[in-house]
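In the two assemblies presented below, chain A is common to both, partnered first by chain B and then by chain C.
Take a look at the complex of A and B:
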């Protein structure tokens, strides 16, 4: 256990130091990602205003809150991309990590977790500027805040698990980009990224329950922005836990089979 | 004349290159359809709630989406690949190979890459546009189609100028890929007519990043919203932007030291 703890703390420290060297590049990267939520926010605020002030329970103020929190959750959703898995496996880069006495996934998880610390710090001034412009209507309770903090890290783990599973498909075939594209499209619709799920038709909302997407994206935002009952808050946290736990079990089982197929080409 | 011949030859080579990778066509088709599907879903979600948005009806917005897809296809097939290559070459110093050739360097730098398969976007965008026009009852005459074609060309030129200015920044600041990413994010704003954005954003999308001219203005021409004044304004802005771009390119070249080729 101590071995893992030491590994995670040093790996995260390395990653924080590394990313802190490029604040400007990281900022441009974040600002480039702002256009998407701002567009959604403006479109839906216009719709809300035309409807006499609210749409699907969201006013322009709460839409602003939704999409500002969205930007943080989007950052937390960044994990090692399946395209990276493709590269790693095709180029034989995995060989190096396999030599180490620890599962290679730990390195990914720790590296991106460290990067998140930098991203959260850089995000705060951006969120303040966005709040000044769009005047969000946000009044979470202390419990909301605490659960939100846990939920965004759980969201990160869910996304790590699902993207790793997707990336590991590359062990069997290297023509995977079509599959990835379909996955990301489903995620866009079912996660609450395109619009809050309450604006979706009923059957989509019901379907979203059974996919990991909303637990990694829409749910953490709604914790802070929506008026969820305490009961619902904990149900969501439970669902997140279920996805992380079974996802991790699944990843480690698939990994055992997949790794036998890996034949390093160079690296 | 020489220039056209040169551009045409590069186009031919680019197309021949693309034919080596025919499987990419299928992936491109899939991507185009996914983008189309998510765009239509977004549009439908909005129009489940309202009948019009900022004075644009559903068929009007479908037309905007068609133009958005067409222009996006043009950018990704002819403009962006060239600019990305140029960015790398400025950084690595291999731009020397262009500069030593006996033709205009700006022309050479702008025509070397061509991604044929990206044109699936142009085709699908045209189909979307045709569907939108038939829903609008084909109220297009000679003048509106002329207005559409001319503003589409002007829009493409402005986007090209914008990209080249950003790329030229690499002569001074080495890492500009992040700024290029920024453009891709902002271009997505063109999916909706710029009228619906708050003022500061609308001006930004009109004069800083020419998204309005690339998408909203051609769509306005087709849906009978374009006045002669705006058309003349677009023409003047195209000329100004092309001149400024040329000047910046020249200044940048003078600053280029070809470090390591």
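Take a look at the complex of A and C:
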């Protein structure tokens, strides 16, 4: 355990140092990512105002809160994508990772966790600017805040295991892009990324329960802005644990089969 | 003494899809794919003793890197027996990985944007090296490779040779017992190649490590390896002393001499390789060397006559040429 703690802190430190080399580039990257939620926010706020001040229970203020928290959750659940898997196999990076006495997924998790530390620091001023412009209606309790903190890291882990599963398809075919696009489309609809899930049809809301997307995106946002009951807060957290646990087991089993197919094409 | 590396009939085969050019063949390929089996490594066997430095030679595509990747656990063999330090590499046991390293001349594991010191510290954490031991080893290697003034510079600002030296420090911080070196001096200038060679030799001497080295630079092999293993098309062609290889496969010797009139007809003595001013280099069949040198001394009154074994590159080339027919 001590060994892993030492590795995680060292890897996160390296990641933070690397990302601080390019703060401007990271800022531009983050600003670019803001376009998506700002468009959603403006559109849905307009719809709410046209419908007499709210849509599906969301006012312009609560929609602003939803999408501002969205920007943080989006940063938090960035994980190593299948495109990254393709890249690292072709570049021979995976070979280098495989030579280490540590599962390569630890490297991924620690590296992106370190990156998030930098991104959160960079996010704060942007969130303040967005708040001044859009005036979010946000009144979380202390419990909401604590659960939100756990939930955003769990969301990161859920997305890491699901994207890793997708990335491992690279061991069978190098053309995973199409599959990733399919995943992205499903995530957009079933996660609460496009629109709060409560604004979606009932069947979509029911279906969302059985996929990982909601637990990696919509749930952490709802914890902070959705006035959830204590019961629902903990059920959501439980669902996140279930997805992380079974996802990790699944990754570990698929990995054992996948790695036998590794041909180290990139070196 | 028991072997640290033991390979028996090791093979790695790939199924590679193939089809004719053109639309018709592409459409046919959608329904019925044909595959060709490529034998990257074809039932090779050898043993390596602790502390040996062995040159692993062969032309491009011979199967050297594939063999090194199987030895380091990156690839699963198709068949055959493979044991390194008593471990089966493909299982990638962490205790095994802590005792080996693979350095590839065209790959790097150091963080590009940070000083190498930061990457070294990450290596410490990955290999769970006690801090005191880590600092001692790091400083020792930094000193040996004369990197003191460079370790605080971002890796991206280092030259290729300096980066390679840093790679060596990072790759050896955990003091591996076995070094797999795949073209470690690729693209480096002569001085840097020499520095890397002397570092590998010193590491082998200090820690008794076993080294398996592939290189297209024969100077690396001559400087470090007493034993060489030669493979071609995945098959083992030669395994033995470098000197024995030269003796066995060198059909020629190089005779050099200084002549007042290098324009004279020398074809009766051997093949002229080069003429530089008054200095002539000539290739002479090995069994005729004594006779030719005697004739040169008496008939042409030459000065500064030297007789050298053929360059190792030529010897290796003749190994491939001699065995090619046997393989095809």
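To be clear about the criterion, the second predicted complex is superposed on the first by the 263 of 267 C-alpha atoms of A that agree within 3 Å, B and C clash if a C-alpha of one lies under 4 Å from a C-alpha of the other, contacts with A are read in each partner's own complex, and residues count from 1 in each chain.
As a working rule, a contact is a pair of C-beta atoms (placed from the backbone, for glycine too) under 8 Å apart; a residue touches a chain by one contact, two chains touch by 3 or more.
Note that this is a predicted model, so its numbers are computed, not measured.
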Practice task
Quick one: on chain A, after the overlay, do chain B and chain C clash, or do they fit? Just give me the call.
Solution key: fit
Exercise for the section: Classify the contacts of A:21 with the two partner chains as first (chain B alone), second (chain C alone), both, or neither. Expected result: second
Exercise for the section: Please name the chain, chain B or chain C, that touches the greater number of residues in chain A. Expected result: B
Practice task
Once the structures are superposed on A, label A:95 by its partner contacts, choosing first (chain B), second (chain C), both or neither.
Solution key: second
Problem - Superposed arrangement, angle subtended at the Cα centre of chain A by chain B and chain C, nearest 10 degrees - result: 90
Exercise for the section: Name the contact category of A:55: first (chain B only), second (chain C only), both, or neither. Expected result: first
Exercise for the section: Considering only touches as defined above, state whether A:42 meets chain B (first), chain C (second), both or neither. Expected result: first
Practice task
Identify the partner contact of A:137: answer first if only chain B is touched, second if only chain C is, both if each is, neither if none is.
Solution key: neither
Practice task
May I ask you to decide whether A:262 touches chain B, chain C, both, or neither, giving the answer as first, second, both or neither?
Solution key: second
Exercise for the section: Just the number, please: smallest Cα separation between chain B and chain C in the overlaid arrangement, in Å. Expected result: 11
Exercise for the section: Once the two structures are superposed, pull the chain A residues common to the chain B and chain C interfaces. Expected result: none
Practice task
Please give the residue numbers of chain A that touch chain C in the complex, ascending.
Solution key: 3, 6-7, 9-11, 13-14, 17-18, 21-22, 92, 95-96, 98-102, 260, 262-264, 267
Handout entry: chain A - residues contacting chain B, complex
Key = 25, 28-29, 31-36, 38-39, 42-44, 46-47, 50-51, 55-56, 175, 177-178, 181-182, 185, 188-189, 194-195, 199-201
Fill in the blank from the handout: As the complex stands, chain C meets chain A at residues 14, 69, 72-76, 92, 94-95, 97-98, 100-102, 104, 106-107, 109, 111, 113-114, 118-119, 121-122, 124-128, 154
Fill in the blank from the handout: In their shared complex, chain A is touched by residues of chain B numbered 23, 26-27, 30-31, 34, 37-38, 41-42, 45-46, 48-50, 52-54, 175, 178-179, 181-182, 184-186, 188-189, 191-192, 196-198, 201
